[in-house]
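Every chain is named by a letter (A, B, C and D) in the order it is written, and numbering of its residues begins at 1.
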Amino acid sequence: MTNLTLEQAEGWIKKACAKATQLGVKVSVYVVDSGGNPVAFARMDGAGVLTPDIARAKAYTAIAFKSHSKDIAERMKDRPAAALGLTQASGNRVVFLPGGVLAKKGEEIHGAIGVSGASSDQDHECGLEAIAT
Amino acid sequence: MTNLTLEQAEGWIKKACAKATQLGVKVSVYVVDSGGNPVAFARMDGAGVLTPDIARAKAYTAIAFKSHSKDIAERMKDRPAAALGLTQASGNRVVFLPGGVLAKKGEEIHGAIGVSGASSDQDHECGLEAIAT
Amino acid sequence: MTNLTLEQAEGWIKKACAKATQLGVKVSVYVVDSGGNPVAFARMDGAGVLTPDIARAKAYTAIAFKSHSKDIAERMKDRPAAALGLTQASGNRVVFLPGGVLAKKGEEIHGAIGVSGASSDQDHECGLEAIAT
Amino acid sequence: MTNLTLEQAEGWIKKACAKATQLGVKVSVYVVDSGGNPVAFARMDGAGVLTPDIARAKAYTAIAFKSHSKDIAERMKDRPAAALGLTQASGNRVVFLPGGVLAKKGEEIHGAIGVSGASSDQDHECGLEAIAT
């Protein structure tokens, strides 16, 4: 287990927001640590009121399935019964939508970032950009 | 009702984990008794943070439907409305995914083991191996 | 409704964290707008895993009752049945604890900040400091 | 953040159960890591069907408040409104009862153990014994 600091999380958020600005979209960005617990979050001016909670769920989903939420969303696409069960088993903490990006440090999970407010592809892109080094 | 002891449950968990190690995967393993109540559980180092709750739901599902969760998952695959209703009626305790394996003792239900963290087939295989005598 | 910007929210968070550092405590700080919706949040390194959710509930409570959460907590202290009803009616979004501080702009509600992780008095003090001009 | 292994968790559980046996009581013992996520659990033969969930909540509570659950339970004793709000804010994951014991490694939180099934004092004692070195 690595230690994700607030400083790192805020750095990721800044990068995700910069990418969103470049794309001309307004998003919420949420960072969780390797245990799935919240570290930091920001909603850009003009982003929707529910985007913070969706962003959090996306970030948690990346941690829960140890993959980008885009990948697990793809696997769940035609399996509503399975998706439902996993959602309930998680206490409604997961969501099967792109935009949750897993960050690793070598082999270990370092944390995850969730982005919500734009298109699925754009959300995912902002997340990837945030953790790119 | 048969009596599933903690010692038996821990024996199952050890076998399921041994199988997972052999397959090169990291899983959580959860055992419930014939009443669907928890007996024991273990999360292998490196298994995801949500796998314990999914494993529990799989084990409970096997008890609830008196079959391997793989079989009921197959039956629910194209029936999201039915899956939803059953999930709600269970107080969100069931999940329609392979990996919950029912253990019988003669004709009687003895308990169930749920495995989560690998592919559906691997989860199921670990569960089967655990209760094989 | 006034417009609380992300920039202002992040300014409040910085001030609350600076006060916490001065007091030698680790807290989470959560800002919501006048609609009770999330704007930004930060968990200081070392603050507990549940403090973000508590901080959010405190901030929401300040908006919901148009007062510092300390005041409504005081009024609810010996009224568990009333507290229960309000909690349920809010969809479990309120918490009757000090640390949620209401920010006004003239007569209008501008937003609220919630702080969790230290003593009730310290949480409240960090919140007040954050919005002091 | 430290790494609590399954082997360590199982060692704690064995010790807690040994203490319970010595006291002549039947308990469930649940171990969570520093992020509040489950690691391992065991219900002794004869312990009640709800004790696993109570033990888990106690362990999570120790992590959430960075103290033995006995201490936070003491502080909440005459504050039902506050206890209610914290319970809801946690998604019903905390419980204000003795028996959740926090384990530290130097200054860092290492994990927590929750015990349920005997008297509050006995639960707490079993937990303390488990992590004693």
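Note that a contact is a pair of C-beta atoms (placed from the backbone, for glycine too) under 8 Å apart; a residue touches a chain by one contact, two chains touch by 3 or more.
Bear in mind that the values here come from a model prediction, so they are computed numbers and not experimental data.
Peer 1: Starting from the mean Cα coordinates of chain B and chain C, work out the distance between those two points in Å.
Peer 2: 42
Peer 1: Could you give the separation in Å between the centres of chain A and chain B, each centre being the mean of its C-alpha atoms?
Peer 2: The answer is 29 Å.
Peer 1: Using mean CA coordinates as chain centres, what's the chain A-chain C distance in Å?
Peer 2: The computed centroid separation for chain A versus chain C comes out at 24 Å.
Peer 1: Could you list the positions in chain D whose residues touch two or more of the other chains?
Peer 2: Each of 3, 35-37, 91 in chain D touches at least two other chains.
Peer 1: What topology does the chain contact graph adopt: line, ring, star, complete, or other?
Peer 2: Shape = other; not a path, cycle, star or full graph.
Peer 1: Hey, which chains are touching each other here?
Peer 2: A-B, A-C, A-D, B-D, C-D
Peer 1: Chain B touches which residues of chain D in the complex?
Peer 2: Touch list, chain D to chain B: 3, 5-6, 9-10, 28, 35, 37-45, 49, 52-53.
Peer 1: Touching chain B in the complex: which residues of chain A?
Peer 2: On the chain A side, the touching residues are 35-36, 63-66, 79-82, 84-86, 88-91, 93-94.
Peer 1: Flag every residue of chain D that touches chain A in the complex, lowest number first.
Peer 2: It is residues 1-3, 33-37, 91 of chain D that touch chain A.
Peer 1: Would you pull the chain B residues touching chain A in the complex into a rising list?
Peer 2: Touch residues, chain B against chain A: 48-50, 53-54, 56-57, 73, 76-77, 79-80, 83-84, 87, 92, 94-97.
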